[in-house]
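What follows is chain A paired twice: with chain B in the first complex and chain C in the second.
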Partner chain A sequence: MENKIPPYLIKIADPQYDPASIKGAKLSFLDKTILNSSKAVKSIYLQAENAAKDNFIQKINPTIKVISLIYMAIVISIVSNLRTQLIITVIIFLLFIIARLKLYEVYRKILFLAFIFGFLVVLPAALNVITPGKIIFNIITFNKPSHFLIYNIPQNIGITIHGIEVVSLVFLRVLNSVSFALLVVYTTPFPSFIKSFKSIGVPDIFLMILSLAYKYIFILSRTIEETYFAFKSRLLGNIKNSSIRRLIGGRIFYIFKKSMIIYQDTYNAMVSRGYSGKVVLHSRNHFTVKDVIVLMVIVISGIVLILF
Partner chain B sequence: MEDIISLKNINYSYYGKITALKKINLSIKKGEMFSIIGLNGCGKSTLLHIINALVFPDSGELIFDGNPVTEKSLKDSGFGIRFRQRMGYIFQNPEIQLFCPTVFDELLFGPLQLNLPLEIAHERAEQTLSYLGIGNLRERPVYMLSGGEKKRVAIASVLTMNPDILLVDEPLSSLDPKTQTFFIELLLELNQAGKTIIFTTHHLDLIDHLQPRVAVLSEEHTIRKTGTASEILGDEELLISVNLIHEHIHKHGNEEHVHSHSHYRFHKH
Partner chain C sequence: MHIPDGYLSPQTYIPLFGVFAAAVTVAVKKVKKEVSARDIPYLGMAAAFSFIIMMFNLPIPGGTTGHAVGSAVIAILFGPWAAVVAVSVAIIIQALIFGDGGITAIGANCFNMAVCMPFAAYYLFRLFSYGSAKKSRVFFAAFIAGYLSLVLAAILTGIEFGIQPLIASSVDGKALYCPYDLKIAVPAMAIEHLLLFGIVEGVITAIIVKYFLKNEPGLIYAFRKGGKNENE
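On to the complex of A and B.
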């Protein structure tokens, strides 16, 4: 070495600080962020693993699955019979079992989404103010009916039978749509999805953005994790939470800047390999007799469910 | 010499599915130069993360200076702070390690957290800038540095905390030959000054330069052998089995020949 080693580095036990004077840094909010970031990667990993299973549903041609998804979304929105919707729920549940997916993990997500968008959002429709009918559970009673702007407010406000039917129907529609969509997502590898979208006419630029966004999740979570480790390794304490947040703010800027550079490089690499705005994908999604039979079964089932 | 770090029967996996480390047992002595070698993806960096308690094993025990290191024990601020101060980690990618506005702030960050008086912290930072030959970068923002400069600043930012143990992940990664030589000399000098150095690499010539004690990680994520540098470099069968050396064509002038072993071991260059 050209320069002399600093004297402080020769002292092994560093006497110049007092650990008792240092308060531990609170990194719990960082831990949570990292936990969520790694959960996101884990769910993608699980999706890929599930999709790779050698199973009847996993082996169906992805294009058939995407067409079925669109077709079933239409069927589910047309069916206005509670009993038929329940039958669809049971059928999808059985399909999940056949696909050997982790029911608890999947249904936790499905029920959460269905509860928010299919139940809470439409809950007011159960009231006689929105859906008139016979009140079965009275909530509030006024002295007399009144009029507010364009609304007629009845003397008794409560839940009606017809209101419950409306809420149940919307809930089941959301539940069935979400669960069928997740069934397709969890049983189809992501690259095959992209190819299927292309075959049904989704624009190239949209597919490219989708592919890069998928890749971005991995890069981002890896960068977040590495940054977190670097922080954890050097943060001893004696630092205010506000300072930690400021440092993290700087790191977030760095992560976005880095991702911008990565994408610029990725784009340059694509251009140098002949990319000119059009995605040319080689397709291995060949249709088999089994795929055609599956499509026919789905089409016929849809018609039967609508007519039922 | 007494053990400063012991790993007992460590197992680690990603998401509980992908095995990263299997039944790892290691002991590293105070003041030792120790290397973990193996191919990419065999678990070297994960092992360093475990030694630095950045991640915790699925099973097994990490002992530091006679004390078990767990999530709970690190929450004891006295032990946790001493542990972080005594162990400095130089990451493979220096960019992720640097987060302060300027190079000088970066060097002051550690000492100020240790509650060192400002004058001492300044003195350390100045001495380290001079030692690593980066005095000219003092007020430079980190994002305006070259790869080699970032690496030097990353090393300096760890050194100002004066750790007893330095963990270095792939010391020569992405460095030009001059910076590589600088880094090798630095590691030797710090080791001579009494620091324990633990580094990962897949460069066998680095093992020959630094002569550390070596643990060989296999592609099955287990430790295949631990021994001195000459014992490991002399065990051609072992190095072939863990894919660290392989047959390749080599050219000298117009003469071409095939080695069935390490180019470094064959030619010494």
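On to the complex of A and C.
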């Protein structure tokens, strides 16, 4: 017997469906932000997935990796030589290859972050108004130098060699720091990070909040996405901004209330499993000879890079 | 607002990390004293909430983006010390997982957004609400607390950027870290937060606090600590 259900209701949704990817689809800024935030949070699972691989870098003790992360971040921040920063870029790229990570996906993220924070923000420093020096490319010439409020505006504004060096140095520093951090993050499961923090003396209560927050982020992100689209699907016609603010306020409060129920359940679940306010590690991260050698290599490499 | 790696010299990020570490040590002790074990998951939720708020980036002219922080609302609802712990956790997760904010800059970012901002917001709220639970006054006080505390955090970030050319330059005068001096960094950070992000932070803070006042006034820490209850 033929059913009378409209075809669009029985059509199975495409699991690859992504409204943001439809060509010509007009999504509001808020829609895009919700979709992108949710996508970014979901991508954390990618980290856990990659971290589970059985490679050389993945097998290094997480405590060693956390110590190396802090140490190398300091080394990268101290090195002020463009050539050495380029060498670090190449070394990190090789480490990504050894770790067998998805290079295209990882470097797309790295280059995006480095472009925004290490290039766009610092780009005006290439001009002689920020970094004085010999102009190699003139952009604009005024009749005479002038003064505006507290700023001196020279007669010629252009790009200087010193300016290019400053922009390149900051860009490479941001690129290297972000890529080394992501190398460690993508090869270390988050729970191992928590264990490592405990090993280096971070207080229990801080670790407890850190690990709970990490889990809540997934729950909250999903709740917000579902709540927002449920709310949006019920809107019709033009709605006053004040009404939207009131509705959004109500939704945020609802998310808080829902979170409170979740946290009460979480606490009860923790107590029933023996939680008494103290964080106890079930398995410590044991050091092997290989871990000690890796740490020594990193420490010596850092010193060499600073002195190079 | 999140300072990436490469913009601050060790002379800046090491002392700021020290101040942050001292503040978070005191905060952990205070939170242990003030918050029962039952409420620890609540702080985890607050940290996750701050994290989610910080993910809502607004595009601004010039190709970059900015966002609210959520420190003010957490300080008003949970207390400033709890906010220090919760927002620090959010910033650390962002730096480690998303590469948003540098590893070396964790101390500076936490000092600005997780230490100074919650305290400024909490005391501004107390000052402007004057212990009253009148809706309009609470809304105004929460807005001012969110708005001004974010502008303060932005100005602190601008100062940290702006002192770099003074304290860390090469022999030939080239900037080795953030190249913008105080005359550029402070106005740039202050203006965009005065005109845009401060308002976003203020509105978010005011809307959430207003709803708590209407539905669960007992949960607002700022009122539990010496406020009157004259809900109208």
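Keep in mind that, in the parts below, the second predicted complex is superposed on the first by the 213 of 308 C-alpha atoms of A that agree within 3 Å, B and C clash if a C-alpha of one lies under 4 Å from a C-alpha of the other, contacts with A are read in each partner's own complex, and residues count from 1 in each chain.
Everything that follows uses one rule, which is that contacts are C-beta pairs under 8 Å (C-beta built on N, C-alpha and C of every residue); 3 or more make two chains touch, one makes a residue touch a chain.
Predicted model, so just to flag it, every value in this text is computed and none were measured.
Trainee: Report for A:174: first if it touches chain B alone, second if chain C alone, otherwise both or neither.
Mentor: The second partner, chain C, only.
Trainee: Can A:69 be said to touch chain B (first), chain C (second), both, or neither?
Mentor: Only chain C is touched by A:69; chain B is not.
Trainee: Of the two partner chains, chain B (first) and chain C (second), which one does A:203 touch, if any: first, second, both, or neither?
Mentor: In the superposed model, A:203 contacts chain C only, not chain B.
Trainee: Is A:59 touching the first partner chain B, the second partner chain C, both, or neither of them?
Mentor: A:59 sits against neither chain B nor chain C.
Trainee: Which chain makes contact with more of the residues of chain A, chain B or else chain C?
Mentor: Ranking chain B and chain C by residues of chain A touched puts C first.
Trainee: On the A-aligned overlay, A:108 touches which partner chain: chain B = first, chain C = second, or both, or neither?
Mentor: neither
Trainee: Answer with first, second, both or neither: which of chain B and chain C does A:122 touch in the superposed model?
Mentor: Only chain C; A:122 stays clear of chain B.
Trainee: Using the touch definition from the top, say if A:130 reaches chain B (first), chain C (second), both or neither.
Mentor: In the superposed model, A:130 contacts chain C only, not chain B.
Trainee: For A:229, is the partner it touches chain B (first), chain C (second), both, or none of the two (neither)?
Mentor: In the superposed model, A:229 contacts chain B only, not chain C.
Trainee: Once the two structures are fitted together, what part of chain A is touched by chain B and by chain C alike?
Mentor: In the superposed arrangement, which is not itself an observed complex, chain A uses residues 250, 257 for both chain B and chain C.
Trainee: Across the complex, what residues on chain C touch chain A?
Mentor: Within the complex, chain C touches chain A at residues 4-10, 13, 24-25, 28, 31-32, 37-38, 40-45, 47-49, 51-52, 55-59, 62-65, 85-86, 88-90, 92-93, 95-100, 102-104, 170, 172-180, 183-184, 203-204, 207-208, 210-212, 215-216.
Trainee: If you look only at chain A, which of its residues touch chain B in the complex?
Mentor: 1-14, 16-24, 42, 45, 49, 223, 226-227, 229-239, 247, 250-251, 254, 257-258
Trainee: Help me check something: in the complex, which residues belonging to chain B touch chain A?
Mentor: For chain B paired with chain A, touching residues are 15, 17, 49, 52, 54, 75, 77-78, 80-82, 84-85, 88-89, 91, 93, 95-97, 99-101, 109-110, 112-116, 120, 124, 127-128, 130-133, 143, 157-159, 161-162, 164, 182, 185-186, 189-190, 193-195.
Trainee: Flag every residue of chain A that touches chain C in the complex, lowest number first.
Mentor: 29, 33, 37, 40-41, 44, 47, 69-70, 73-74, 76-78, 80, 109-110, 113, 116-118, 120-122, 125, 130-132, 150-151, 162, 165-166, 169-170, 173-174, 177-178, 181-182, 185, 190, 193, 203, 205-206, 208-217, 219-221, 224, 245, 248-250, 252-253, 255-257, 259-260, 262-264, 266-267, 270, 275-277
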